[in-house]
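In what comes next, chain A is part of two complexes: it sits with chain B in the first one and with chain C in the second one.
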Partner chain A sequence: MHRLLRLSILLMGLSVAVSGYAADAPQPTLTTEDDLGPQVVQPIEFPHDRHAGLRNPGDPLKGGMEIDCMYCHTYARRSAVAGIPPLQKCIGCHQSIETVRNKPRIQELFKYWDAKKPVPWKKVHDLPDFVRFNHERHIKRFVEQQNRPTQEACGYCHGDVKQMTVARRSKALSMGWCANCHQKDHPVTAAGGTPVGNQAYWYGFQKPVADAAGGEYKAPDTNNIKAQGPNDCWQCHK
Partner chain B sequence: MIDSGLDRRDFLKVLGWGGAAVALSGCGNTSVEDGKETVVSYVEAADYVIPGIGVYYNSTCAQCDAGCSINGRVREGRVLKLEGNPASAINRGRTCGLGQAGVQHHYNPDRVREPLLRHGDKNEVITWDKAYALIAEKLSGAKGDEVAFLSGGVSGHLKVLLGNYLDSIGSKNHFVYEALAPAVVRAANKKAYGVEMPRYNINKAKVVLSFGADFLGAWVSPVHFSQQYAQFRKGVDGQRGVLIQVESKMTLTGANADRWIPVRPGTEGILALGIINALGTASGDIAAAVKGYDRARVSKETGVPPGQIDKIAALLKLRSPSLVLAGSAAEGYAHGSQNAAAINLLNQVLGNVGKTVEASTSVPFPQMAPAKGNTVALKSLNDGLAAGKYKVLFCYAANPVFTAPGAMKFKDHLAKAGFKVAFAHYLDETALQADLVLPLDSALEDWGTQVPEYMTEGAQINIQQPLMEKLHANTRGMGDILLALVKQRRAEEYKSFDDYYAYLRGAMLLNKNALGGSGADDDTFWNETLTKGIVKLAGSAGTLSGKASAAGLTLPVPSAADVQYPLQLIPGVTASLRDGRHANQPWLQESPDPLTTIVWDSWVEIHPKKAAELHITEGDIVEVTSRSGSIRAQAYLFPGIHPDAISVPLGRGHEALGRYAKGYGANPFQILDAVFDQETGELAMHETRVKVSKTGQRVVVVKDEGAAGGKQMGRKIAVLVTTDEVDLSKEA
Partner chain C sequence: MSVSNLLENWAQFRHFHPIDDKPHDPYKWAMSIDLDACTGCNACSVACYAENNLPVVGKEKYQHGHGMHWMRIERYWDEGLGVAGGSDFPDHGAQFLPMMCQQCEAAPCETVCPAAATNHTADGLNSQIYNRCVGSRYCSANCPFKVRYFNWYDYPTTDNVWPAEMNQQLNPDVTVRSKGVMEKCTFCVQRLHAAKGTAKNEGRLVHDGDVQTACQQVCPTGAITFGNLVDHESKVHKQWQSQQVELDKDAQVKDQKEGGSGLRGYRIFEELRPYPSVMYLERVRESAI
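Our next item is the complex of A and B:
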């Protein structure tokens, strides 16, 4: 009796899981269209547009200041995590910007500073714990090697932040979405340079392939597959 | 045992399918914590603090007193991992499992967090000011010799400060107690070599003959010896070193030996004399002393076959230099000093002194040299307590209520002390008996200096510094507490020191030139010292003195069989639990014992032959009864023990300490008889005789040993099937 009961619990769990899967959003397409995350209410409505947005030559008080992302998010180029700027960073500038000193948001900011308490920001971009995304590598490649503008490079994943006030997740940040770029830019090739295509992730896993006769399955001859590092599973799943 | 219908296989199935369910539902494209989790930034951040990147600090391991230097990785202000500091001559970048668990001492959920005034079983949280005032009040009502301070081994500036405090009270009663100190061997060494702890060069020896010295596991400085041992095995001049271990209960070192010789408990000294006799190279009074120890007699008394004795002697003759070590198994008897003396004599006869036994260097600040713990201190404290001599008792880094032999009735005597103050990390058995419990910083939060007892090349002072901010606001470093207490009495002398850090820095800077900082300015010297974590000193090399002599060497004939208590109890010292002070670190509880692979519980090691005689099989709960009490634990059949002995590991069986220690296993300290070494007065730990009886209960021994947990074969639990072959409908 107990065994039957247990079995039914198992099966029920399984069916719930499967239906949960079916109800989820479909896999993203291979372009990086926006896939908006939830609106997040922050303790201080930080205006990214004002800081990073384009200047307005006509009325400098209305436009942005084109501050480089990494002026504040200074850890991104030095660490796997981008971190949140220390409160000190905000105060460093704002203590000498008298014009906005009495704005409610700035007053709020100084309240935290005077109490020496960090602002309890809410996380906007988050990956599951089993995924290790490395900011430093991406900055190195796009900004330092390829000399692309910082806002463009950060924007691949974070969207057009300079248009936002409070940041909002605008890309899917799912595995398929990540692999989309990785496959395009680091194709897995068989001997002679033939792209192997979407078997990229299987490189480390050794996906079994049918032999020529179509019968038996065996592990692929990995010597003939040349994958770049960024397509190995362990790059993200350490 | 879990007595439900859910067996291991069903459990794994639930786990497997449950895991699959989680994995499937996790396949969606939503991020997991968007907008829910808080990310907290620094308010102000130092330049070198980068989220996700570790910062490393050097400090000193406080898990045992070997004095290994450690290097801690700190990320986002939290210490995550400890490794050895390669610059230390003691551990050269290595740590042991006990050291690795140091982070669990720091993050332990059962640490005491507030000063507690205890009323019976109730705790009242009080402020530090009130606690200090209370101590001052109690001290004012007591004369100097009515105050006693019990501590574990202390060294460095803490020892100096403690000495000054006791001096200010006018008390000379500093009892330095370590339950497992090699105190008898120290005394025997002092006699034979002129120093208590010479430097052993295992790496230079071609043969190591160890009488129960578990130098790879828990003896003196195991991390250092393990590295020497590796060199010894690679060999001097291409000759691989041979290790012979003589002991009644196999230790980790015994398990690594080329030849493991089970000897009748307590006859180690007789075997040593027998080997001297078999060597035939001794002359004078030594030859006369060993004359009677011919192989027939020695073999009869020790149980070692005559052929073995000849082989050992032949090997020792063939390969020189060798090294003979006297360890805890040899010293733990009423004639322990004699055993150790006989073993040291063998070293001298073999001409090893000056080759593999060398003079150690000592730190040129004798006041900082370690106050070495022993068990004589426990006895005299216990006698004093029994006589009601003490009005105030302080207790630091010792847990005598747990580690004192049951026969000493320490807990009862402790109650006679008027006011008991415990400086504690946890509410251990002793702290529970105290009137005032003062919470200490963890070793990773505190400042300090440490001078190791066992010095390797040169001398060194180890620096202990905080690896991270304090976890709990109301804990204090031992140095800070002592400074506050000594200020109560000598305010003028100590007024320039705001805290122990200032005291430590001031004291180090005062001796800057002697500490190798001549010419450097104060800040540079101090910062360099903290960066390195070690102050290396030339030190003063001692000299070995004393000539080989057999004068006064008398070894008793092994006692006849005791009918009522036929077995010898050997308290097992394991590398991770030692005397049990760290038993609340779960990594130590769950790391399998190297020899039996048992986890989370105590066991009674018993020889299969003896077990068959008593009809005991593995997993029987047996009762071990001595004249002083009895404990219960699971039986484990183990060929690595003398048939006339049983062994129960020390360290488990706590009634307090914390959630990972309380209620796990049994405490053999409880049933130890109060027998003492005749010469030194040290507790003879191996001198308790016991009987073993079955209780009728049985358990499955939880251990790693054997295929798939040792018990699954033939029970179709670990059958190999792929998931598509699983037919749940047939599993009803």
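Our next item is the complex of A and C:
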């Protein structure tokens, strides 16, 4: 009896310790109830729809202004991070837009300007620190090479920001979600692959194999996984 | 992965030289270190700490073997020289050898990782994926060079590391590793990626000299050369070639000459067949002359 009691106490202690550890580990919120990222409270409720949304030909005061994403997020085309525009950029336009000068949000904006303080914007699309993502590469491909509209190209990962007020994350931005596009658009082919030097990238744990006809490349049989790994984890992990 | 699968498919797990099924094209990053030029000043080690967010663990943890120096200077003493000569300042024949991950082609660490957290990249690097690592430390046990370092603590939050406000000094291009993962020299892969990005924008390959590793950049005597071994114009390729050291050999042809070839190039533990990517140039020793 005594022994049983001791064992049960030990087991209980163990389970408490384990569940306590699991509860302590910070788990990122992947999705909220409405299938979007967490609601981020910004210092100023920036209306993306008013700036980037489509024009309303009937009433120009109601619709958006179709401003290009990269007018404000200017670093996206030339660096790894898209960046937050400096306050100067906001003021540059708003000092000469008298019609909205007295709106509470604009007054708030000018308060920061007069205090010579940057607006403490919060990050919405915050990738984990171990991810290497390059905006420039994606803009170069979609906007410069394939001439797709900026809003479409940005929207692949950021969702339909022109309809949002404060932006929210609407895609998972997980590894599987990234690889989903990359596997579809840069398949491993008989000729090699799309990146330089005939190096294609695969994301499973084995190189995809050609079928008997030598055409279609498929993910290998997962029952027989070999320990070779994807050919370059460091492409995205840092 | 079962043991029977491992045994049945051994050939697929272990190649003599992985270059056979994954030819390095267009990059194979490699290094050469001239030990004759190395003064053992430790600048490379310090630069590595700064570049790669390495924690300074403090004297006590260091004594427990928890040092996190991806690049370390090994010291060797030429005992034969000793205190000979009766000088007041005897020459102990100190020799220095900068030791970091050798980015082996057939890396012993890769085959033993139970979580496939360490893999070979297409450009010949031995990658370490921190968030895949489960901390078994098997890779470190199997590394003949002992250049893998384990995070015994969450370093930025423990004592003796750096105050919170100094987080601003961290390199944003490199992860801050957490407790329980293995880490090692990456050949400054973040710099390689930056250089590749620039080169791609200009529609070319990375030229020799476009990219430097942190240790190479600070070396006051220029002992470290880093570059693309596939590029025949690169300095590192020329050095390897002039020393007749070949990547995919476990015994160099030049060393089989009777009486020695007179060349200084060698790779550490070549005979174990890890096919390291770092060539050392032997020091011209006083005792050997």
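The criterion applied here is as follows: the second predicted complex is superposed on the first by the 158 of 238 C-alpha atoms of A that agree within 3 Å, B and C clash if a C-alpha of one lies under 4 Å from a C-alpha of the other, contacts with A are read in each partner's own complex, and residues count from 1 in each chain.
We adopt the following convention: a contact is a pair of C-beta atoms (placed from the backbone, for glycine too) under 8 Å apart; a residue touches a chain by one contact, two chains touch by 3 or more.
Since the structure is predicted, the reported quantities are computational estimates derived from the model, not experimental observations.
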item	value
First, second, both or neither for A:88, with chain B first and chain C second	first
Which of chain B and chain C A:238 touches, first, second, both or neither	second
Which superposed partner A:44 touches (first chain B, second chain C, both, neither)	neither
Which superposed partner A:120 touches (first chain B, second chain C, both, neither)	first
Partner chain in contact with A:106 - chain B first, chain C second, else both or neither	neither
Which of chain B and chain C A:167 touches, first, second, both or neither	neither
Touching partner for A:67 - first (chain B), second (chain C), both, neither	neither
Of chain C and chain B, partner touching more chain A residues	B
Chain A positions touched by chain B in one structure and by chain C in the second	80, 128-129
Of chain C, residues touching chain A in the complex	1, 5, 9, 12-13, 22, 25-27, 110-111, 113, 116, 119-123, 125, 127, 129-132, 173-176, 186, 189-190, 193, 197, 200-201, 205
Complex interface listing, chain A residues touching chain B	2-4, 6-7, 10-11, 13-14, 16-18, 20-21, 24-25, 27-28, 35, 37-41, 75, 78-81, 83-88, 112-113, 116-129, 169, 172-174, 176-177
Complex interface listing, chain B residues touching chain A	5-6, 10, 13-14, 17-18, 20-22, 24-45, 50-53, 728, 731-732
Residues of chain A touching chain C in the complex	80, 128-130, 132, 134, 136-137, 140, 196-199, 201, 205, 224-235, 237-238
